[in-house]
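Chain naming follows the written order as A, B, C and D, and within any one chain the residues start at number 1.
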Amino acid sequence: MSTLSSQVSSSQVSSGHVASSQTSSGQQATQGTREMTLGQAIREALAEEMRRDPRVFIIGEDVAEAGTAFKVLTGLVAEFGPTRVIDSPISEAAITGLGVGGAMTGMRPVVDIMFGDFIGLIMDQLANQAAKIHYMSGGKLKVPMVLRTTLGATRRSAAQHSQSLHAWASHVPGLKVVLPSTPYDAKGLLKTAIRDENPVVFFEDKMMYQLKGQVPEGDYTIPFGVADIKRAGTDITLVATSSMVQVALAAADLLEPLGISAEVIDPRTTVPLDTQTLIASAKKTSRAIVIDEGYEQYGVTAELASIIADGAFYYLDAPVKRMGAMNVPVPFSPVLEDLTVPTAQTVTDMAKTLCGKA
Amino acid sequence: MPHPHTVSSHKKEHRKEQYPLPADREQALLMYELMLKIRLFEEQVNELYTSAKMPGLAHLYSGQEAVAVGVCQALRRDDYITSTHRGHGHCLAKGASVDRMFAELLGKAAGYCRGKGGSMHIADQEMGNLGANAIVGGSAALATGAALSSKMRGSNQVTVCFFGDGALGQGVLYEAMNMAALWKLPVIYVCENNLYTEYTPIGETAAGEISARPKAFGIHTETVDGQDILAVYGATQRLVERARQGEGPAFLVCNTYRYYGHHVGDVQRAYYRSKEEEQEWRTNRDPIKLLGARLIENDRATPAEFERIAQRVQTEIEAGAQFALNAPYPDPSEVTQHVYA
Amino acid sequence: MSTLSSQVSSSQVSSGHVASSQTSSGQQATQGTREMTLGQAIREALAEEMRRDPRVFIIGEDVAEAGTAFKVLTGLVAEFGPTRVIDSPISEAAITGLGVGGAMTGMRPVVDIMFGDFIGLIMDQLANQAAKIHYMSGGKLKVPMVLRTTLGATRRSAAQHSQSLHAWASHVPGLKVVLPSTPYDAKGLLKTAIRDENPVVFFEDKMMYQLKGQVPEGDYTIPFGVADIKRAGTDITLVATSSMVQVALAAADLLEPLGISAEVIDPRTTVPLDTQTLIASAKKTSRAIVIDEGYEQYGVTAELASIIADGAFYYLDAPVKRMGAMNVPVPFSPVLEDLTVPTAQTVTDMAKTLCGKA
Amino acid sequence: MPHPHTVSSHKKEHRKEQYPLPADREQALLMYELMLKIRLFEEQVNELYTSAKMPGLAHLYSGQEAVAVGVCQALRRDDYITSTHRGHGHCLAKGASVDRMFAELLGKAAGYCRGKGGSMHIADQEMGNLGANAIVGGSAALATGAALSSKMRGSNQVTVCFFGDGALGQGVLYEAMNMAALWKLPVIYVCENNLYTEYTPIGETAAGEISARPKAFGIHTETVDGQDILAVYGATQRLVERARQGEGPAFLVCNTYRYYGHHVGDVQRAYYRSKEEEQEWRTNRDPIKLLGARLIENDRATPAEFERIAQRVQTEIEAGAQFALNAPYPDPSEVTQHVYA
């Protein structure tokens, strides 16, 4: 392993929250944009950040020649070499801890945890180490690290390879949690994550790696804590995260001919959370459904729903409804697995009921 | 695929030690049959995958058959095993039936787990199979706990914990081995070193000597040629005997190789291993060929017998797959069953 | 290590949900009860269950001669010997996994994890193994295991020894989660936990180990999923868990002279959750505050609040409010730490505001 | 407590190897002074606890001083250390000042972590102290990551990871050592074997030989008498040199003993260790006495010099404690500061 070029200068330390360009995904960027998949957008963000900042490196299982099990990182090792795209043993806890130690001492590690289900192995490193070091040290040490991992079911991968466990990370002060839902967001949010001075957990939906969308060439960042209105509407608010954004958009399409205008809002980050936008939309529409692929019980839907129910209390015409993954381990059998996640149809049905059109 | 029992091409290997054939001819033939059953089962799985009849992926055990069968032949029915993502071989070797396994792989209600587990989670408690685990290293502590339990219950059962070389990266293995050694638990850790963790060669993921690791915890450790079922069987017999006598845990490194990709979808493998390497193992280190040759050399079997076995197994596999294809899916109401006992 | 007596019979398998005696803690049991601490109640439950069922054993760090760091298990090793009260190495993940394996094969392990903060080390064993084995095996295997651990701040133990992480466990289908708040509840709930056929995570508040209360002699169990009305009231519902039950009761005392009658409800188990009792109370009082010592963000308060906001929607006169631990790592300095948890005063203030008497 | 530098009662120990005194007399006296500072610091901490002036608990380092000081004397200021719940000694040895440490222990704003960390979390990045960790084994991977970082940055820094024998139970240590060995990282794992994990003797918690464990990963391993600062220092110098030369990680077992309880509240200890054992270590294996005796034997110092050092250190400790007692608490608004950078 060789040494990184000595020109790492503190001027390259950017403040994580300044967006060099802020775009609502509603507007279609045309100049200098290309269609690409979400997976390609992730790769492009990484490549650009690695070119920009020699402190950025990737560590994880099968990330180099194999380019990960999902082939998201294909080609990076060819450009940056095995000293910056490091194949690790199957040691999730320790590679996360190595990331923390590296981040504390001047590097910008991007740790790759193949399946989000495996974060059970690293919660100590994430929650007791990464999340707390800045605070415990009274602000002296910091952990500018990104941990990329995945979520999402319906890949027929059964109970230990299908979970969406972002609620665990979202519960821990000191971590930031990002859930991109489009190629555009994925690139911009990942750049923000890498430049952030804090530990950021970045969840990618495995099923969405092939999702296509317009992505600008070159540099742009998307600030954390700014929800994106993926579709404007007036009758009901659908707050959806990650994989569920497409489901909500499809539901909105189904609702339109029924005369129900749905507004689809993507918080993009659960921590920090843009409570303002969520509440404002619910106040406007007077009805809301929160949709997320994590287990429903004690999950992300609970936080979002209770924030809306509180903040828009005097404006709501119906209770805020939650649609998470069914409270069961994810079954293998396709006929069962498909029942466990919200779909455009079940969201549509719920929206119709809430709007009194069932 | 040429019939794997075509032993004529088998190039004699120079082995340090010749492990004896089992005294019982029937057992030797059973070993042969079980290995062949695993081989043909996996061929069928691959076929179901490529013809888009199987949901998801599967990790084929082909090439490693001598490990599962050699180990399990040394076990009692009530001895426990824990298995891995690459677990079909362990499951069959411990006595599972092919029809219910295929049904599980297709997500059918007749499967071992009513279709809820799938390829990576088959459990068959009637045969002592505590289940496959899709978390690498995830069964190390479970197996050790089963051994603690049998010691407490005085049942004299032994537990075998199967795992791949990749599990050497998981800390919980060392935590568990430490306790097994401290408390002399009747557990045997069987490390199937097939040289790769997914797409990364073992040299890049494991420092030092594998066998030094369990030894450091005071655990009796042996290394065998995992392609030689007689070596695997002989070693396991000794280790099981020790464990039953209360002499504590053991660790068995089996050097082996997987013929196919990491999973059925891993077909372009040139970037991490060569065709020549694959060919060398298939040609000269095939466990079924090796046992077949030994049996014939020692006049314990004839090519005709192998042919009959192959026919029988092939029929069983085809019938099993057909059974599974025709079997009904679980009722949707089952989705909320079995969350709690 | 010797062998347990061979008279383990299947007749000793009890169904976890049948309560042999069900008492509201409101009524003071007198006959055959003694005053004892919550810690002593835990010990008594364990001792009685270990006498009753030879399959029950304890494993954990310093559980034997030391009787745990909190001295809760003092004396058990003397009665049951080191083969049933097993001192382990500092290997939280593996002892949990040993418990799972033991439970799968006929034993009833009670695993002791000293500080609840350490569950970051065992979430894989808990969530991917213990919680899923019954389901993944199609109902063939089961994991009748209890994992006892702790929660609670204000012991000046800083960020890695003060957390209340029961939201993580509560998020995982397949686990049951218990939070006793009195000595009486502790004994009855722990017996139910040990007799349950499923993995149960049992959180004990470290600060409450010295809390005294009446505890019946001998056998009784308290069913899971049955909330307890710790104090009846009419004007506002205070839903409180574990350590926060005493805080809520103290707040109710402060509210009474102000003419506000507070009802204090303790769910006792977050999984299964007695949603009925929570909703019924909020419907009656028309106002609710949920109080829990876990981090507020994406925590237990969110689930409980959103369930009440939904279920009592048409009866509420004010938004349901949440009071969790402040969203910061727990600071060491007493002047800071005391600010991070709800207190009788802050709960009183919130209740006054909600009731329009601030 | 008798002054620890009263060396007259020191019973000569039969040591296998006599490590040389540092050529530099000043350094030898500095070692003495630093050990004494740690000793007296911890006395003061105990005093603050028993007089109810310190919130919470503390784990005293008394008895183990030769490890922290011997190791840190072999380090550069910009070399990193990671520390444990029993971390005051590491912190002082790496150059922290007593006043800000006491302030931290009392939760005051002038503390190293503005009172937010307390006894178990002091970090002092200016001296390369990446912080104490209250999760046993929690810094194993962090330290290894710091070593990876310095290798990547070409900074030639070495990282020392201090931990107790109890951390041998944590799987992450093995995961981290494996990577350190694979990638030849400049990290030195220093295991302070003080014979107990809380209230349980090492024999009940660790199977096999400690030193065999790192060796199994191909890590260079040495074992020293942790009460002999010259042994600790000499060994560390060698290991640091190796690491700086790119020769990779090392593991140093230091056999040592803690004089007090697991924490300040652990005063009834008879159920897990005897008074005689404690007395034996205090009398015959005290690191400060041992170094004092060596210095006097070799005419490098006089009792009068020790007396002067003791006075100076005692004054510093008392002033530091007084500073901390008088210092203000952080402003309540600080509670929400430093959650994010």
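Operating definition for what follows: contacts are C-beta pairs under 8 Å (C-beta built on N, C-alpha and C of every residue); 3 or more make two chains touch, one makes a residue touch a chain.
Worth saying up front: this structure is predicted, and the values here are computed from it rather than measured.
S.K.: With chain centres set to the mean of the C-alpha atoms, which chain is at the far end from chain A?
M.R.: Result for max centroid distance from chain A is chain D.
S.K.: Counting C-beta pairs in contact, does A-D beat A-B or the other way around?
M.R.: Answer by contact count: A-D.
S.K.: Could you grab the centroid distance between chain A and chain D? Build each centroid from C-alpha atoms only and quote it in angstrom.
M.R.: 41
S.K.: I'd like the Å distance between the centres of chain B and chain D, where a centre is the mean of that chain's Cα atoms.
M.R.: It comes to 47 Å between the two C-alpha centres.
S.K.: Centre to centre, by mean C-alpha position, how many angstrom separate chain C and chain D?
M.R.: About 38 Å, centre to centre.
S.K.: For chain A, give me the residues that contact two or more of the other chains.
M.R.: Within chain A, residues 88-89, 91, 93-94, 117-118, 121, 124-125, 128, 135-136, 158-160, 173-174, 327-329, 331 contact more than one other chain.
S.K.: Any chance you could list the residues of chain B touching two or more other chains?
M.R.: Only 113-117, 121, 133, 135, 138, 168-172, 175, 178-179, 182, 204-206, 339 qualify.
S.K.: State the interface residues of chain C toward chain B in the complex, per the touch definition above.
M.R.: 1, 3-4, 6, 8, 57, 83, 88-89, 91, 93-107, 109, 124-125, 128-129, 133-142, 144, 173-174, 176, 197-198
S.K.: Using the touch rule from the top, collect the residues of chain A that touch chain C in their complex.
M.R.: Against chain C, the touching part of chain A is residues 117-121, 123-128, 131-132, 135-136, 158-160, 165, 167-168, 170-174, 270-271, 294-295, 297-303, 305-306, 309-311, 313, 316, 318-322, 327-329, 331.
S.K.: Applying the document's contact rule, which stretches of chain A touch chain B when the two form their complex?
M.R.: Going by the criterion above, the answer is residues 61-62, 64-66, 69, 87-91, 93-94, 117-118, 121, 155-161, 326-329, 331-336, 339-340.
S.K.: Touching residues of chain D toward chain C in the complex: what are they?
M.R.: So the residues of chain D touching chain C come out as 55-57, 104, 107-108, 113-121, 133-138, 166-171, 197-200, 204-206, 271-272, 329-330, 332, 334-336, 339.
S.K.: In the complex of these two chains, what residues of chain D are touching chain B?
M.R.: Going by the criterion above, the answer is residues 168-175, 177-179, 181-182, 204-209, 212-213, 215-219.
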